[in-house]
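There are two complexes below, and they share subunit A, which is joined by subunit B in the first and by subunit C in the second.
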Partner chain A sequence: MTNRSGNALLTRFSGLLRLLPLLIVFAVWQVASTVGALPKWLMPSFFAVIASLADLVKSGEIVPHTIASLARAGAGFAIAVVAGILIGVLMARVRAVQLAMEPILMLIYPVPKPALIPLFMVWLGIGNFSKISVIALACLVPIVIATFNGARSVDPMLLWSARARGTSGRRLLWRVVIPSALPQIAAGVRTAIAIAIIVLVSSEFISSDSGLGYLIFSYGGVGAEDAMLAVVLYLAVLGYVFDRLYVASLRKAMAWHAFAH
Partner chain B sequence: MHSPIDSRASHARTLAARVVPVGVLLLAWELTARTGVVNPYVFPPVSEIVVRWAALVADTTMLGPLWDTLWRALLGLGMAIVIGVPLGLAMGRIRAAEWFLEPLFSFGFPLPKIALIPLYVSWFGLFSLSKVMLIFTDCLFPVVIFTYHGARGISPVYLWSAQARGTGRVRMFWRVVLPLSLASIYDGVQVAVVVAVLVAVVSEMVSGGSGLGYMMMRAFRYGDVRSAFATLLTISLIGFALYHIAQALRERLLFWHVTEA
Partner chain C sequence: MRYGEGFDAVVALERIDLAVDRHEFVSIVGPSGCGKSTLLYLVGGFLRPTAGEIRLHDRPIEGPGRDRGIVFQRYSLFPWLTVRDNIAYGLRELGVARGECDRIVADHVRLVHLEGFERRYPRELSGGMQQRVAIAQTLACNPEILLMDEPFGALDAQTRRILQDELRRIWRRGSQTVLFVTHDVEEAVALGTRIVVMAARPGRIKEVLTRGFDVDDGDEFESNPAFVALKLHVWRSVKEEVDAARA
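Now for the complex of A and B:
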């Protein structure tokens, strides 16, 4: 018992130790600003950035923009996860779907997705719908490819033994194919989280009147660099937290996977 | 067993199954646009886009922007390789470098570097330099992270056996560490190639100053949707070409890796 809590303490401590280099960089940044090595017109001091972040949060100004961004990214991402896993599994299990989808994927794959933003705006309007569609399309590609690769390489032994026990159809899919493809699907989804944020920010740069990308761009445009950097920092923390949360929940959800081997 | 004729027939069927879906898609696009169900202004027929593309290439309108995008992307990528590979190798082999740099790179990785466009414009100006620096920053992450994992994952057996033969530090680096990390480094470069084109195009879309991204935005603004589509086609072709060139180069550059290592 004591040993366990001791270990927990140690993990927490090493977690803090991991943050130390980041703190050193922030400290050097602040000192350079204070002694004047880093002039204000080039870069506001670290404390100035933190102060304007505190202002943005305290005044509540950042809240509606956070909600707008998260709603766009979340909607596009959710569509991509559902559709991507469906398409990927179908491709792996149905040969006709694979043959039909592969060349289409090969066409979409090399296109830098943010370049589609103005096109989607012409088609679907400048509102949320076009942004969500581009985010969904951009996130779809890695999820489809990961799911396809995962579902295709399911250990045939598992399939045989499930079939021998009379498992078939939908049950085989839900109980065997998808679970055993899960690690690869999870990696594809993690890539998609990063892509969602990139496409989100690009789309809000190009045309928007709300969202964190809009906020960065409009502060940058009026030369309020401390506020601009505050939102960039906020976005970085947000991205980091989402990634960590995802990895942590994955570890919990896939605890069984270690036992399977 | 199948007779040769059978297998040829099935080969033809596979090929047909690959070509037909794309053909149907393009044909459907063409016919939909021709029948006037959709506004041909926002949804021009494929054939007209291809004709416009050929015209823009023939009268060299496309070549200037193509060159601008390409050299920015490749210069940024090249800088990222020159600086990122030594950094990643140091992180993989030197404890102190790993301790300091690994948290910085893993914190910065999920941050959409595109959000730094306004900051980079104020640091490096509105022209090519800010774009090249942004491409460099964005490409640095995959190059460093893949190199780091490659260098860290080297089996100690190789290092021990080289040490046992009295290999010195410098020789060890050039003859053991670098060659054994190359496959991983190349994985990182292949990811970075795609990133480089994407960031080049997006930064041109957002902050202008020639290049394909700017050309496409301007065409959309002037309502010249055919030229916009044609530019998008060029952007996709660059992505496609660079990805496949990188793939082909891999087989050329790394063939010895297997034999010598």
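Now for the complex of A and C:
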């Protein structure tokens, strides 16, 4: 009985409960700062960071940087989604493409993409083009792998079903292969959202005069740790919101699939 | 029918010789591994025979075609399509006009008693309902031959029984020829007007029995001595093969 009512309570406040561990971390952080266990020169207090964040938002200073960052990340991400699905499907259907792409993918998979930024700058200049290219490359990898695996593991019975009902040739791709790979493609795209943000910030550390990464780097450079951490926190919230929006829209758009979370 | 090459080759089917007439209901029963599904996939045109020929109206079968519809044990339905769109799938591929398509879909939804579930996705349905949709999806294309690969094999006993009755009713009203693969002897005898018993290793036809009496809807047929005798005969015949495979 107590167990069941406990569970009911859990479900009712699950939204709040999910935030509880975070609230505890923030509280411990703030208390440690207040009692002097965490000196200011080591790390600003939680409230100081929040106050900084409020200033950044209120003054509007963060807005143009957010726009610049989102444009870069969005462009790289969009290129990666289109190219990634295309390459992944081609790899799964055309043996030659698979043989050509697999070793290249395996080679770039473990490479920390931000390490390629200087190289891309030499090739493509120090402007947006090189940043967007690195973001696209980094996002491309999980999308290609997810699409490839999804398209490759289409149930042969499903293909037979479609063929017995009059679908053949390239139509099979649109009617069966891609739809049945969608859940895996969606998972790969979700990973790419997080990667886009990570690589975005790294790319803006180097030779940039706008963007959230630039903001973090310049505040860090002048010792304004509270403002620096405020931007980091802002990025974390931004990433979380994007992920939630993505998952929510997926659930709506792909109601036919049983998502695990 | 062989799989593989050289020393690794497996003879899956050998000397299959079977002629099926229009509107027959042929059950194919046998121990697992006897190649009964392989035989069905050959007729479906999904596999090519390595020797011999399968003819439909004196034309050799060269690939899947709309004249043959197939229902698998699972995975016949497209998970991303609703019940309605699944049933309409073959019609849309054929380019049937919208209104005509809607009418045929509505007819087939009614045929398998799924009114009210048109907008559901397969994962929202029970196994029995999913197989009903699969049958409707296949019948909507109006195939001459219905190939069924253990379509009720994953269902619980009651649901299986109900769907067997429905299938018999649908078959009796229509003009389809049915090839029905099962490992369930009672199902084979209760549905098939002819029962093909297969033997394993290599897969071959052991005997073909004709059911000389009618099986009506309801459950009276179960106490019919002729039914009991035929069921027992088929069961012993299959059991012999199971024992032989084990030895």
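Everything below uses one rule, namely that the second predicted complex is superposed on the first by the 242 of 261 C-alpha atoms of A that agree within 3 Å, B and C clash if a C-alpha of one lies under 4 Å from a C-alpha of the other, contacts with A are read in each partner's own complex, and residues count from 1 in each chain.
As a working rule, a contact is a pair of C-beta atoms (placed from the backbone, for glycine too) under 8 Å apart; a residue touches a chain by one contact, two chains touch by 3 or more.
Keep in mind it's a predicted model, so treat the numbers as computed, not measured.
Visitor: Of the two partner chains, subunit B (first) and subunit C (second), which one does A:26 touch, if any: first, second, both, or neither?
Guide: neither
Visitor: With both structures fitted on chain A, tell me whether subunit B or subunit C touches more of subunit A's residues.
Guide: The partner making contact with more of subunit A's residues is B.
Visitor: Please work out whether A:206 is in contact with subunit B alone, subunit C alone, both, or neither, and reply first, second, both or neither.
Guide: A:206 sits against subunit B, while subunit C stays out of touch.
Visitor: Quick check on the superposed pair: does A:179 touch subunit B, subunit C, both, or neither? Answer first, second, both or neither.
Guide: It touches subunit C, and subunit B stays clear.
Visitor: Touching A:225 in the superposition: subunit B (first), subunit C (second), both, neither?
Guide: In the superposed model, A:225 contacts subunit B only, not subunit C.
Visitor: Could you say whether A:129 touches subunit B, subunit C, both of them, or neither, answering first, second, both or neither?
Guide: neither
Visitor: So, A:246: does it touch subunit B (first), subunit C (second), both, or neither?
Guide: Touch status of A:246: no partner.
Visitor: Would you check which partner chain A:47 touches, where first means subunit B only, second means subunit C only, and both and neither mean what they say?
Guide: neither
Visitor: Touching subunit B in one complex and subunit C in the other: list those residues of subunit A.
Guide: The overlap between the subunit B and subunit C interfaces on subunit A is empty, containing no residue.
Visitor: Would you pull the subunit A residues touching subunit C in the complex into a rising list?
Guide: The touching residues are 155, 157-158, 160-167, 171, 175-176, 179-180, 182, 254-258.
Visitor: Where on subunit C does subunit A make contact in their complex?
Guide: Answer in residue numbers: 41, 44, 46, 63-66, 68-70, 72, 74-82, 89-90, 93-94, 121-123, 137-138, 141.
Visitor: Which residues of subunit A touch subunit B once you look at their complex with the stated criterion?
Guide: Residue list for subunit A touching subunit B: 18-22, 24-25, 42, 96, 99-104, 107, 109-119, 121-123, 193-194, 197-198, 200-202, 205-206, 213, 216-217, 219-221, 223, 225, 228-229, 231-232, 235-236, 239-240, 242-243.
Visitor: Could you pull out which subunit B residues touch subunit A in their complex?
Guide: 14, 17-22, 25, 42-43, 99-101, 103-104, 107-112, 114-119, 121-123, 194, 197-198, 201-202, 205-206, 213, 216-217, 220, 225, 228-229, 232, 235-236, 239-240, 243
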